[in-house]
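Each of the next two complexes has subunit A plus one more chain, namely subunit B in the first and subunit C in the second.
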Partner chain A sequence: MKKKKSIKYIIGDIVGLMTCFFVFIVPFIFMLVNALKDRREANRLSLALPEMPQWQNFVEVFKTGDYQILTAFKNSIILTAFSVLGLVVFSAMAGYVIQRRKDRTTKIVNTLVMAGLMIPAAILPTIWVMQTVHLYKTMPGMILVEIALQTPFTIMLYRGFMSTIPIELEEAAYIDGCTPFSVFRKIIFPLLKPVTATVVILDAVTIFNDFTNPLYFFPGKENLTVQVTLYNFMGQFSSSYNMLFADVLIITVPMLVIFLIFNQKIVDGMVAGSVKG
Partner chain B sequence: MKRKAVSALLCMSMVVGMLAGCGSTDAGSAGSTASADTPYSGQKVSIMWVSNSSMDGINAVVDAAEKELGIEVDVEQVPGGEDGDNVVKTRLASGDMTDLLSYNCGSLLASLNPSEYFADITSDYADKLDENFVEAAGVDGTLYGIPASASQAGAVLYNLDMYEKYNLEIPKTWDEFLANCDVLREAGETAVLGTDGDSWTSQVPYLGDQYNVQAADANFAEDFEAGKTKYATSEAGLESFQKIEDLIPYMNEDHMATTYDDGCDIMMEDGAAHWIILTSALSNMYELYEDDVNKLGCFAVPGRDAENCGLTVWEPNAIYMNKDTDNSDAVKAFMDFYVSDAGLDAFTGAELPNGPYCIKGYELPEECYTAVKQMQADYFDTGLNSVALEFQTAVKGSNCAAICQELASGQTTAAEAAAKYDEDCKKQAVQLGLNW
Partner chain C sequence: MNKKKIYSSWFLAPSMIVFSVFFLLPMVLSLFFSMTVWNFNGFEFCGFDNFIMFFKEDSLRIGIRNSLLYAVLTCVLKLVLAFFIALFLTSKIKTKTIQRSIVFFPNLVSTVAVGITFSALMHPSKGLLNKCLEFIGLNGVDWLGNTKIALFSVIATDVWKGLSIATIIFIAGIQSIDKTYYEAAMMDGANFWQRLKAITIPLSRSSMNSIILLSFIGGLRSFDLIWSMTGGGPGFATDVMASIIYKQYAAGYYGLSTAGNVIMFVIIAVIAFPLQRFLLSKEVD
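Let's look at the complex of A and B:
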């Protein structure tokens, strides 16, 4: 077995690793190195190591604008957590129904939901609606907007995955006396764990990184989200690249943590499988 | 087990959210009771700041105003560029604008339909401000804004040491300028720095030549707006584009890949003798290299006439007052403070100006950049300056930067570029309903 591993495979491995290194690792090193430089050095945007690592850059980022990054983190985390929670709960249910029921109404609903993937949200009418129901510039309003924008995609993921779950499981549950809602809650939803992990990662990253929607629907000094803080350090005429990269690194951390946690879950879910004996 | 962990996490996030929410209201009530003896104590003024650069200046004014007037100022920062434009337009249209807005003046102001949204402040401030600014920050004779910062110019920044070393004099005409460049090139220096990696910098030699165009043809802006004059057919207009072409042999070899940020480094390291750029670059260089910036001087893009060599000036952003504001007294007081000497000193103390102020009677601070002092002495005290074309007419082709970049790369000639730009402007003129 070992002998068969010819030189071709080794070269392949090396090429693959090198590509990964350049595509994924180098940009990260670039950010880290520049985040540790002083402003003049960082302006060159080179990969050279900093003369003196400036760890205080990270502290400075926190201090900028009366610690506004903390407000931003609070807002972004609340926004992301509640949006993802809402998306998982409602889209899983909707996806379940749309996949299992075969009648005309479901088809129409499905088409409407999928239309949401293609038709972008118009800004002014949305603001008008939000103003009318007094949700404009409020966190619940912003959460609802994010949920609405991500729902079609999330439902699509759930619906696709649902078809791999054998309907026999549900039939067995009904025979044992399970109510429809319990079937979903106790049998289907746990089986959806792998796709739920995917949904959590994808939606959390999209919502956390969303810049334009909070800019339009969630304006105001107190309603800052983390992506907007980047603009403190970036401009057409003057940019502080060291602070910018330090800020980028700081706001990447939460998403990295989520990814590491849920990445494991995807693998777990896959291995566990759904039907046994 | 896992379910417990998840529910614990959710509870925690809820509690944190609630605490954070309570925290901010506490801070708010504490702030408003702090100063009771100042005239507008406890009143709130909100300002939306569309920014391309540092916030130091505005933050300093806000701090000073809060102390002086006892008001509470909320600065809401919006990124510049297209996103910022859209945010401003959305907020105006939805009737949810802040009390004050800092935004471009000139053609971009006209596109906002200011009479519908902004208060008329002609009688309050027009006398105190420079006439060019009043024209740019107003529409049809009505003034809407006060200057948010100092003006800037599209001019040539040059290395004073190199001029001394090679015994050069400040050129008064374009031919003298090219002669200087020849000397520098033969001595092995980079005569002109090109930073065409950032396309907006490519258009500065053309835009900064507006004074000379106007010197040759005083009605150029009006005729251009009316569609009577075109760049390709007017001699003075074509010369502006010709200048970009003339510069190509003197530029650094990698000028198509050099960016604005690189340019600041190169100028500070004596890597080039001239750089035709907006003088706001001075601030960036100051932030990077501090007092080294004083080794740069500034002269206007030269034209034909040595006697009439003037500077093309960009008016600063203006601060506009929302027509529908609830507490106009406090807002007015803040604006008064902003243009008062105390307010201006606070601003310039945090952020040195890139050009003279548009407020009559305000002296530039002692420590300001050499180049800015030169601008003040040579072009403002003598009156040899005029505003850039974009403050005189709403017609500005959206592809201007790309066309100039193409010209600087040597792929087109000046005549072709001028013709292309005319074509580009035509699209906008049609949108504006002008008869071209």
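Let's look at the complex of A and C:
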């Protein structure tokens, strides 16, 4: 009986790994081998190994359009870093108050935020607003829009985590004469560290991989982000798949590195976040 | 000390200002602008013309149908597949950690990159997918070029990419179920399906609800995958609400584009909010 069970699990292992391999790994191998082929070979779109690995494809991609991919990386990194910074600070403060104080103001705020989780952005009026305050096509404007759009999700995570922090700590600090802000800064914010890690990873991946919003709110030759460059490459290199896949790889690598470093943290963090959310 | 002073409203101010100016205000403005012919310099009121146009023109109306189809199908497929994958990955198999990581992986690849890769895999004459079909003696399919199939090909790709999140939410839900329920059920001689029906499904209800809502709303809003795989084509076969909003914007019909946005709000308000109510009411604590 026992033996039969363990054989069943081994078969499960094998079938599971094979399915994983064909469904999730093969597309990735496909990108990799084709990024290393020359043009003629890559356009056959096969899974065969390259005859001669063409490492210069990657150099080529960087050189394209006067090193525009470097500009794009710079923009994407600035956009991601500042948006995530803003989101962490603003949403932690809001989530803290929404969870601790239950009155009419926080109820209204909470309802608006939850509605924001579902409703998509009204795109053209957003551009109109940005233009009115002279932030359209600027980096600060783009950062503010990303913050606004990710705020509901981020507040939700912080609010959920706040409920696990005992209120007695704050009360003690007040009796000792701390100001509301220093209580938050010195006591609450350090305790929020686990959820902050989740927020940083999830928001960074979302914003770095965002294509739609930069397409609308950050157009212009100087204002490229990596996803928009990738999309432009699609038109430019429609007949040289090797360049296209080399670009795909270059853009995926930063996320892959994050994934390899934080592998378990990401999955655990998401599990924790979704349970409490 | 009073709560209002300790938990000062100033803490809410920064996020609420940004959220109001760049999300709520545009949303309210869209109700007005959807009834005008406008550009960023001026507007002219035109009543409900934009909405009438939206429902009259086939090329616009198809977006509503496609968006709904897309949302329902991706939602159902992700729910069912993710449930069984999660069940498998919470069982006693040995390689579950590595398999979980592999399943999570597509989540990190950007949607545009996924779109490019799958368009290549679905290439009608050279694509790997058709090569496999030929190998087992079947005729190849024009995955993205056939108007009847294209939308479903994009939906399948969306499921491939979105499966990871749904699976992780399910794993969390299934792991939090008290093991003693299963022990008691085994004692009473309940078989696998009975345990599934009586314990796992009802007790992972809240994960199920999150997945339904997340993927349904995500499906209604979907844009980048469709845009990078088919651009709405062939013809208008894969146009969804979000791609129509973009096309009308690119063509300079700002009023129509904004009306598309408002229709999306209405669809979400009419379907998603009651759906959420319904799902929450069914949840067992």
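Please note the rule applied: the second predicted complex is superposed on the first by the 232 of 277 C-alpha atoms of A that agree within 3 Å, B and C clash if a C-alpha of one lies under 4 Å from a C-alpha of the other, contacts with A are read in each partner's own complex, and residues count from 1 in each chain.
One rule holds for everything that comes next: a residue touches a chain if its C-beta (ideal position, glycine included) is under 8 Å from a C-beta of that chain, and two chains touch if they have at least 3 such contacts.
For clarity, every value in this text was computed on a predicted model and none was experimentally measured.
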item: When subunit B and subunit C are modelled together on subunit A, clash or fit; value: clash
item: Which superposed partner A:Thr206 touches (first subunit B, second subunit C, both, neither); value: neither
item: Which of subunit B and subunit C A:Arg39 touches, first, second, both or neither; value: first
item: Contacts of A:Gly12 with subunit B and subunit C, given as first, second, both or neither; value: second
item: Contacts of A:Tyr231 with subunit B and subunit C, given as first, second, both or neither; value: both
item: Touched partner set for A:Trp128, first subunit B, second subunit C, both or neither; value: both
item: Which of subunit B and subunit C A:Thr138 touches, first, second, both or neither; value: neither
item: Touched partner set for A:Gly220, first subunit B, second subunit C, both or neither; value: first
item: When both partners are placed on the shared chain, which of subunit B and subunit C touches more of subunit A; value: C
item: Contacts on subunit A seen with subunit B and repeated with subunit C across the two complexes; value: 43-45, 123-124, 127-128, 131, 211-212, 215-216, 231, 234, 241
item: Subunit C residues touching subunit A - in the complex, by the definition given at the top; value: 1, 3-9, 11-12, 14-16, 18-19, 21-27, 29-30, 33, 40, 88-89, 91-95, 98-113, 116-118, 120-121, 123, 126-128, 131, 160, 165, 168-169, 171-173, 175-176, 207, 210, 213, 217, 220-221, 223-224, 227-228, 242, 245-246, 249, 254, 257-258, 261-262, 264-265, 268, 272-273, 276
item: Subunit B residues touching subunit A - in the complex, by the definition given at the top; value: 10, 13, 16-17, 20, 24, 46, 51-55, 74-81, 83, 86-87, 90-91, 93-94, 96, 200, 260-262, 264-265, 278, 280-281, 283-284, 287-289
item: Residue ranges of subunit A in contact with subunit B within the complex; value: 39-40, 43-45, 65, 71, 74, 77-78, 81, 85, 123-124, 127-128, 131, 136-137, 211-212, 215-216, 219-222, 228, 231-232, 234-241
item: Subunit A - residues contacting subunit C, complex; value: 9-10, 12-13, 16-17, 20, 23-28, 30-31, 34, 43-47, 86, 89-91, 93-94, 96-98, 100-101, 103, 105-106, 109, 112-113, 116-131, 133, 144-145, 147-149, 151-152, 155, 170, 174, 180, 183-184, 205, 208-209, 211-212, 215-216, 226-227, 230-231, 234, 241, 244-245, 248, 251-252, 255-256, 258-259, 263, 266-267, 270-272, 274-275, 277
